[in-house]
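Two complexes come next, and they have one chain in common, chain A, joined by chain B in the first and chain C in the second.
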Partner chain A sequence: MPETYPKIKPQWVQWSIIVGSVLILEALSRGGLIRRTILVPPTEMVYTLAGFIVANQVTPHFIRTMVETFSSFAIAATFGIGIGIFFWKFIRIGKMFEPYIVSIYAMPLVLFYPLLLIFLGLGSPPIIFITTITSIIPIILNTTIGFREIGEVLHKVAKSNRCTPWQTFSKVLFPAATPFIFTGLKLGFIYALIVTIGMEFILTDLGLGFQVHQYYDFFNSPAMYAYIVLNLLIAVLANALLFRGEGAVRRERA
Partner chain B sequence: MRAVGLPRRVGAEQQWVIPAGTIVIGLVAVILWSLLAASPVGWVVASPLRAVQIMINGLVGPNPMILPHAVSSFSAAFIGFGLAIVVGVTWGIFLGISWYWRTVWEPIILSAYSIPKIILFPIFLFILGIGLWAQVSMAFIHAVFPIIVNVMTGVKEVNTTHVKVGHSFKANPWQMVTKIYFPSIALSLVVGLRMGFSFAILGVVLSELFASREGLGRLIMRRYAVLDINTMYAAILLLFLVAFAGNVLFWALEKKLRGTR
Partner chain C sequence: MKDKTCLSLWQVAMTYNLRAPDGTVTDLEAIREVTHELRMGEFVTIIGPSGCGKSTLLEVIAGLRKASGGEVYIWDQRITGPHPSIGMVFQEESTFPWRTVMENVEFGLEVRGVPKKERQKTCQRIIEIVGLHGFENSHPNALSGGMKQRVAIARALATDPEIMLMDEPFGALDQQTRLFIGQELLRIWEETGKTILFVTHDINEAVYLSDRVLVMSHRPSVVKAVVEVDIPRPRDTSTITLERFHELTSALWETLRVESEKALGITKTEVHI
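Moving on to the complex of A and B:
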């Protein structure tokens, strides 16, 4: 049965849903149906945020969050691809570690913060440590899968062309595994951002996540919502860019 | 002959090697943990034996200190997870079937999946107040997106030939669901459930660290504040054991389903 669907373009419906939700929130708050301490009108959130940005109040927090996210991601990418390749080459060792690797997601690693405090001190390092561990998992898993999925044909091609082991790896196998690795990196980056902001929210004294916590403590709803909006925008934007990138990588390899 | 760089396949006769290796890795981790507890930083690390003892005492002993917190955390996680299954599976099936509504909702859902949900917790606290339901709300929004996305992908990729075969045999809608759709989406469903379960517990613990009346997250914070490291580690151990057990259970099911294809 072919699907019958409305004649309106899906994108239009999509934007109507988004714009409609914002308008409803605006109306609920302005109309007094929801108290302003609970819900600030979206226009006021954006206005407050713009004020913070103009006053240069956001910059130190933004820098802190970005430094933590990118350094965790860089460490995770470097070691994650390496470990992924190791787990593919030594398939048995990989399989032995697998139950632990897939379970790390489920572990609230933040609970080790007191211990990390002693080894790494206050501030960014413990956050970077925990973020790196979360971010590295999808990178390891996808790298291993990427290499495992390479068909025997490519191995034979390399052999027919008398590739050295290094050439086989760098010219044939690694490019073949790239789309999978990119997916791992995409997830790794998204996790890095989520965990960094989440940890800042719970623990620290600087960063975009912390600002939400702070303004919650001050009962300053407009400022709190302004920072929630900023955090969400950054996450959504990063996600959209990475999806585009992933699409481009896959098309190039197709 | 083996092609260059192709890793050796694991022989069937050596299948025991892998589970044995997994157990050895676990044991090594416990030994490292014991060494850490015996080292100069031992004042913030309880020994594994002590943590297990206190965990068991705290759960079933005469004066169970951990039990009410465990009940609070895990009931929040399970209620949230249950709601996420109902909502996630319904939405996943709906979006998987309809190309149009999938095109509309997929980008929105994937964006929602990628946001740090814990920072929405203050909003839920405003609405629901501190208590069980605030934690349930966090379990729910952490768990629901992986379930929607995985079920949607599973339904989308149901083989159309199988569906046609079902129709040719005049299968009724119930038979279509149980005999055609369910077997094809079972694997994606289990993947979604595994992630959802893990994220539900994570959501509860994270939100308890921020604000709650009771729960393991809160217990851990309070015990740390008075440097009762033993109880703190007993609670951490309990959380990890439940999260690990749930995850490995779903994962084993996943492997079994993969094996049947």
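Moving on to the complex of A and C:
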């Protein structure tokens, strides 16, 4: 059926929803329809956040969160791609372990935090541990799928050109699997960021997630929302960059 | 030079061991015996019913698959694996989408360790031969199906092989594009002087391109007939209107029809009904 409604750019609708929601929240909170203890006006959230940034209050927390996120992601990416390739190369072992890997997805790992406290203590180590486990799963699965999906003909091209095993891997198979690997890395990074911030609520005394939790305990709504806004901005920025990167990789091959 | 034999197939046979889900193994004899010789600079086409082992035979010659019997020689060297004197073009889309046209064509020379400047010079010449000048920096996604196959042909030509094996390279293209790209292939062949062993399902394509056509029988296949194509060269798209062209395609079809019926399990009675 032909589209009869006027053509509007999807981006306009997306931005309108965001701007509209912010304006509604601003009006509701400024008009006193929502209590300040529940919601502060968005402009005040941004103003408070700006104040924190100027006073250099955010930096140590930001650094801690980023260090935890990136170190977890780096470990997950290194081992995830390696394990994914191993599962592709040794199909039987891969099939054997796949059910375990997939079931970790459904497991609320946060429940293990009392154990982690005992074994790893408070601070970054238990956060990096849980974040790595969560982040590594999509990387392993996507890497394995990426290599399994490579057409037989590319193997034949490599063989007929008398490529060494390393040349076959580095010049043909790995680049061919890249779109899948990239999708795994994108999901892995997003999970790493979400889990790090979430775990900082309970397992540490520094970090952006911890700040939200702390200001919540102090009933300091403007400060709590300021950090929520910052967390959202980081997540949206990371997501946008990763989607853009993934789009570029896929467009080249479309 | 044309009298020199460059590729010899001697009693090449191929039997597959098929494993059923219950674990029992049965033998499938795909190729019973193929013996033939190609002289330098010839354009020879293999035609046969679906599943008769044409592609398998090409892969055996390319050293990608080990024959279960017989021997293949390039000059007097027995083939035991991929050989530097053989280039192969596949039926499926085989260009590397992450590489530009130039980088695709460079691939064979790159893995052989040829310095960048030298290989780019060689590849530029090959790109011009296959008519892709101006597309050096394009990615395959920006090219049509016919152009992508020309990239694959250029990639195979770049390593300067004596023999080009082409496994239904135009199978995915429409009839008109096939005809024109076939003409391009003849031009490239005449310009480079390569020996080409070409596999196709298309009788017209076989006659239009070749010096000689080998007709393979249904499984277990043997060479059922060898048809010399005596239409003078150079040929172009108007060749298909010649009376001799029709005589040869009709003769080929008569030979092939029986084998295709066997392959499809059609009996005479069924055809008449």
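Here, the second predicted complex is superposed on the first by the 249 of 254 C-alpha atoms of A that agree within 3 Å, B and C clash if a C-alpha of one lies under 4 Å from a C-alpha of the other, contacts with A are read in each partner's own complex, and residues count from 1 in each chain.
The rule is simple: a contact is a pair of C-beta atoms (placed from the backbone, for glycine too) under 8 Å apart; a residue touches a chain by one contact, two chains touch by 3 or more.
Since the structure is predicted, the reported quantities are computational estimates derived from the model, not experimental observations.
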Which of chain B and chain C A:161 touches, first, second, both or neither: second
A:122 touches, of chain B and chain C: first, second, both or neither? neither
Partner chain in contact with A:178 - chain B first, chain C second, else both or neither: second
Which of chain B and chain C A:240 touches, first, second, both or neither: first
Partner chain(s) touched by A:50 [first = chain B, second = chain C, both, neither]: neither
First, second, both or neither for A:107, with chain B first and chain C second: first
Between chain B and chain C, more extensive residue contact with chain A: B
Shared chain A surface residues [contacts with chain B and with chain C]: 156, 159, 163
List of chain B residues in touch with chain A within their complex: 3-10, 17-18, 21-22, 24-26, 41, 44-45, 97-101, 103-105, 107-108, 110-111, 114-123, 125-127, 195, 197-199, 201-202, 205-206, 209-210, 217, 220, 224, 232, 236, 239-240, 243-244, 246-248, 251
Chain A residues touching chain C - in the complex, by the definition given at the top: 151, 153-154, 156-157, 159-164, 167, 171-172, 175-176, 178, 251-254
Complex contacts: residues of chain A adjacent to chain B: 3, 5-6, 10, 13-14, 17-18, 37-39, 88-93, 95-100, 102-103, 105-108, 110-111, 114-115, 118-119, 152, 155-156, 158-159, 163, 165, 168-169, 173, 190, 193-195, 197-198, 201-202, 209, 212-213, 216, 224, 227-228, 231-232, 235-236, 238-240, 243
Chain A contact footprint on chain C (complex, rising order): 59, 62-64, 81-82, 84, 86-88, 90, 92-94, 96-99, 107-108, 110-112, 139, 141, 155, 159
